[in-house]
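Look for subunit A in each of the two complexes below; its partner is subunit B in the first and subunit C in the second.
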Partner chain A sequence: MSEKNSVIMEVKNINLRFGGVIAIQDVSFNIFEGEIRAIIGPNGAGKSSMLNVINGFYHPQEGEVWFNGEKRPSMEPYQIAKTGIARTFQNIALFKGMTTIENVMTGRQLKMNKNFFWQMLRYGPAIDEEVQHRRRCEEIIDFLEINHIRKTPVGSLPYGLQKRVELARALAMDPKILLLDEPMAGMNVEEKQDMSRFIIDVNEEFGTTIALIEHDMAVVMDLADRVVVLDYGKLLADGTPAEVQSNQAVIDAYLGVPH
Partner chain B sequence: MAENDSSLDTFPKVLARNVSKFGNSPAYREKEYGIWQTWSWSEANLEIMNLAKGLIKIGVKEGDHVAVIGRNRPYLYWSLVAAQHIGAVPVPLYQDAVADEMEYILTHCSATFAIVGDQEQVDKIHEIQDKIKGLKDIVYVDPKGLRGYEKSNLHFFNDVTNFGKDDNGDLQAELSKRMAKITGETTSVLLYTSGTTGRSKGVVQTHKAIIGASSGANEFDRWSPNDHIVCYLPMAWVGDFMISVGQVMVAGACLNCPEGADTVQMDVKEMGPTVFFGPPPLWERLKTEVNIRIEDASSFKKGAFHYFMNHAEKVGKKILEKASVGFLDRLIYSLGEFIIYGPLKNMLGLTKVRIAYTAGEAISAELFDFYRALGINLKQLYGQTEASVFLTMQDDNDVRSDTVGKPIRGVELKIAESGEVLYRSVGAFKEYYKNPKATQETKDKDGWVATGDAGYIEESSGQLRIIDRAKDVGKMKSGSMFAPKYVENKLKFFPNILEAVLFGSGKDKCVAFLNIDLSAVGNWAERHNINYASYQELASNEKVIEMMKQHVEEVNQDLAADTTMSGCQIHRFLILHKELDPDDGEITRTRKVRRSFVAEKYDELVTALYKGDNEVSTKTEVTYEDGKKGYLEATLALVDAQTYMLKEKSDAA
Partner chain C sequence: MFYRETGQFKSKYKEELAAFPLAEDKVGIIILLVIAYVFIPIFGIPGLPFEFTMGAIMIPVFIFTITTLGLNILLGFAGQISLGTGAFMGVGAYSCYKIMTIFPDLNIIICVILSGLVTAVVGMIFGLPSLKIKGFYLIVATLAAQFFLEWAFIRVAWLYNYNDSGGIEGTNKEMFGLIVSGPQSDALTRYFIVLTLLVLLTWLASNVIRGRIGRSWMMIRDMDIAAELIGVRPLTAKLSAFAFSSFYIGISGALMVFFWLGAAEVESFDVSHSFTYLFMVIIGGLGSITGSYMGAALVWVIPVLIKEIGKTVFGFDAFIMENFSIIFLGVAIVVILIVEPHGLARLWQITKQKLRLWPFPY
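Take a look at the complex of A and B:
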């Protein structure tokens, strides 16, 4: 949260359409390096679509994505992941049959350089590489306090822990920007508190820039440095939590307008 | 060895000895990042010395009290030892204590520094910092989450150690000067009692006491530098201090720290401890876990398990105690070891265990024998904080569940007129911190310390038997001893009995109230097609009464074989129509019976039992969970139980 003046990511005039449906309409905002940026809005406002644009899963019809001061050419998601953008999903997308450590290790896959042959034999340089990456994964496991489930298949874990494993996998990529799609959906109060603490810790300790979508307003207002509000695919407001909270358009969108 | 021992009377000397004698053997291990990290005695010594110098640098003075709070980690154990090296007194605190409890101890001992595990502890101290005036600085081991904190009186553990590394000689000079002043009489630790009766008291222990008691215990069970110990019980508890600091250092053994509280059971498997300490509830829990898993196993596996466990019950203990056992039985036992016992012990992480200890509470013979039958050398010991724990221990071939062993080297026992156990030992405490009155009440001028427990030394075996808390023990009319808890424990060892209350002080015979265990008896009733709608209905069922009668008579038979306790046999009993409940004030929240309250409340029932009636009608006020009151009416059967004459083993049943 130290230096918040340099822009790490900027989206400019994004338009995204699926056939006749307009998902995002002329939305622009930026993300500062090291901040926690929240994207909020009612259901169907285009929040997840926005994340999908940022991580390259959707290609907007119009608009530009600027990352690290450069305009990003059209890329596939795995190429974008290599540039340092990691994400978690609204509906957990882990390999259910694999253990926690195996899942987290998949987050390092893009960083492994030894070829398929060595990895398959698990011999020679591939071993050194694995040891080095395993170390990083273990640090993350320790950080997120999931040591006790290191070797448990994730499918058998409770929901809150699965969410944490997913966060661990995303962190294993050592991302510059971490996109969290509803990291606290379906959690009870205690799990939410834990997750909030981990998000703050990640932001502070690793200096990771975080963009998150969240419905729980109390959580958003506590966590976020700045908030973008979307409604029907349009940008409704952009500012600090306090500014957004007192914005009449936002209040109307959330509480309804008297007719 | 003995001469050697007496010259080693301070922890600095012990550590120096370990470095010169076992320098390269493992001293501390901790699982971190999924890998076991090891420090040899030389490496650990370096860490401790650097830390000690660093602590001098941040201003820890001689005689200062240094609080140590956190889970079992090498860094915190080094902190205890480093504090001792610079003439300060370590005060380990319970890591899960709430801020208020910590406030009491930190204020009472006027701690000036605290070395803590992580952010959680820092936060707790910050919460109460205004009230604890003397506290200056906090050293933390794990920096996670502390990045944004105001750091003026916070030190990162590694930074403190680095002060020691970067020392230009000044700190070393100061350290040497301070170490030279430490003698066996110097205070080595301040340990707080658990405080079941009122506020907890600070027990002051010298270097000589801790080392004396540790080496006595080590000698008794032949500890060696090859032993591996796992620490997982709270560092503030005297038992952990004695084992993980006292015994480990004196023996030059290796201390293994698990990765975290949730991983202990998995880590124990990997550590393969050779000595393991667990309180009775832990042994109970492990056994229950095994039973539940077996219930879910296939019928073939279940069959094999029961067959071999039955066999183990028959001969396992004898084999463990090297008694003579027939060839065929031995053969079956080895087969069982291969198929059942071995894998089971492996699952529990007890494969390499040479000695397992249980202490703190009475343990049922059945539970005790279960582990011994498997070939695990589970033993009892008896002690208390004031004695640096070790008073009596059991010899490998003289292990029983109902006695606690013989006094170890350096311990003298005697039984006071009142029946209270007194001792004089090397490990006896110096004083209660800032509480001379309590010190005087507990320790007389000749050094005899009162344990508060009533007991006697069994003539046949010479082992100590603990009967009860001294203040509960009374006399029967005949003059024989009345020890309610002893008998109640025997009753409660039956899974079907939840609570028991014994009456009879000053009377000619004893009577008892029982509570059935609703889940255990309910389960039994289901399997035997006995219908019931409530606790009261089940408790008044004839078959249940018959079952209780058998249990009581078994206990009576047991008591009859025991000269001292035979007077406590239960002549008559009843099963209470309601469970004893903390809401009604009958038991405490920690499930200890409030004897006098129960006696008063159910006076008419006790009277009826003594009068010899066959049944009694009663009306009892009960408090429901929402605080409302109601009345419970019932007619209770008063049951006669067979009592037995005092004689050599008989088959009266």
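Take a look at the complex of A and C:
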């Protein structure tokens, strides 16, 4: 939580439409380096769409994304992954046919570059590279306490662990910004506590900037340094958890107001 | 009891990343290699005539294992389906024939490998639709490749040097003073060449699959959107899978004509063969190298054995046995897929898993 005030990512006046449906309307906010930034809002508020814009899966019709102090040109998702943005998914998107360690190793994909020739021989540079990245993956697996399932195919794991493997895979990318799309959806209290602990640990130990979407307000208020509230694709409020909690527009959106 | 990792400690990642981390596996593979390189060449398969063993069982099984490996890379590891396997084998065979005509003095092994490279390029071109379409639609696109290539093998007379038969035929080729290919070559020589190529290609495939590139294929197979967000470029991953897979299929096609059949026409590469190779992959097990071996062996050997037994033991007409073997194979496929939809490789996996705990149930 150091250097709270250097902006690592900024979205400016994002407009995203799907045909006639307006998903995001003129939303701007920024993310400081090393903070935990929460994006909240009722269902259909455009939270996931916002993450999709940030990691390049959607291309907004208008608006700019600034990353590391530069305006980002229109890029494909795999190029954006290279710039250091990792994410997890609302519906788990693990590689079901692979084991936990293989899934985590996929996160290192971009850092590996030995060519086909060495890969075929699996000798010399290729195996050195493999070992070096395996070491880092084992550190992350250790960190997230999933050692015991290292060689289990992820398809057969319980939900909570799958979420954790997905976090491990994203962490293996050594991201500058980690986008978490509902990391605690569908978990029981205990699993939520674990996950919260891991998110704080990641933030503090690796210094990773985190942007997360979450519906559990207690969790959001505890974890987040600052909160963005979206509703119907519009920015409703932006500030510290305390500020947002006392914002009348937010209370109206969540509790409803008589019309 | 005999097969378990308990007590086999690894202190380096490199040891764990080895091809066969378990001592039992190492011993097993050495035994298999000794059988293939020493036992079978000397004794053949007990109870079967030697020429028959080589010409009708071992050599074709090895060649089709290379095909199955290739198709399995595409289908089982990269998740891209193809029904053009037969035609791609044809590309390998015809291009090997052309290379041999253009450079008559070139070593035949080099010709075979070059024809694999030609097939890789052709496979990549016909793999381009996979960038936009998936599943059933991709099947149709690769089927188009099958029909187009078959057409080319008939209509483009340049491919078979304008000869009257319309087929391609191997001539005697020497290597180190031995005739290795063509009508006068010895079955045993061809056996060793095909076996060595198979071992080499298996080793290369298992290396690629366990490394960065293999993982990128499996990522595309399992969840293409997540793969892209992690940084896999679909274009590179898919086309490299098509190329690598076609390389294997092309080599197997060239081997089939010049190390087994001796001559071939377009019928050897038609769509029904494509289906046979697909059977081999599915019965063996998608995404498994061991499965490729088992699938190719089962689908090829069962009909051959049935035909042979029916002919020699019961004295049935060859034509009846031909039909009977097709029926039997069909039933076998259905039964295996009901018992274990993931193929023989999974059965083998389960056996190994059981052996770890044997004699205890859990």
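Remarks
Throughout what follows, the second predicted complex is superposed on the first by the 257 of 259 C-alpha atoms of A that agree within 3 Å, B and C clash if a C-alpha of one lies under 4 Å from a C-alpha of the other, contacts with A are read in each partner's own complex, and residues count from 1 in each chain.
Following the convention adopted for this analysis, a contact is a pair of C-beta atoms (placed from the backbone, for glycine too) under 8 Å apart; a residue touches a chain by one contact, two chains touch by 3 or more.
If you're wondering where the values come from, they're calculated on a predicted model, not measured in any experiment.
Look at A:Thr106: by the touch rule set out above, it reaches subunit C but stays clear of subunit B.
Counting the residues of subunit A that each partner touches, subunit B and subunit C differ, and the larger count belongs to C.
By the document's definition of touching, both partners, subunit B and subunit C, reach A:Arg135.
In the superposition on chain A, contact of A:Met98 is made with subunit C only, not with subunit B. Of the two partner chains, subunit B is the only one that A:Glu204 touches; subunit C does not reach it. By the touch criterion stated above, A:Arg164 is placed in contact with neither subunit B nor subunit C.
Touch criterion not met for A:Lys176: it reaches neither subunit B nor subunit C. Touch criterion not met for A:Lys192: it reaches neither subunit B nor subunit C.
On subunit A, the patch touched by subunit B and the patch touched by subunit C overlap at residues 134-135, 138. Residue ranges on subunit C touching subunit A, taken from their complex, read 12-14, 17, 204, 207-208, 210-216, 218-219, 221-223, 225-234, 240, 287. By the touch criterion stated above, subunit A contacts subunit B in their complex at residues 101, 134-135, 138-139, 141-143, 145, 147-148, 150, 197, 201, 204-205. Listed in rising order, the residues of subunit A touching subunit C in the complex are 55, 57, 76-78, 81-82, 86-87, 89, 93-98, 102, 105-107, 109-110, 112, 114, 116, 119-122, 126-127, 129-131, 134-135, 138, 169, 173. Across the complex, subunit A is touched by residues 32-35, 144-145, 147-148, 259-260, 262-263, 266 of subunit B.
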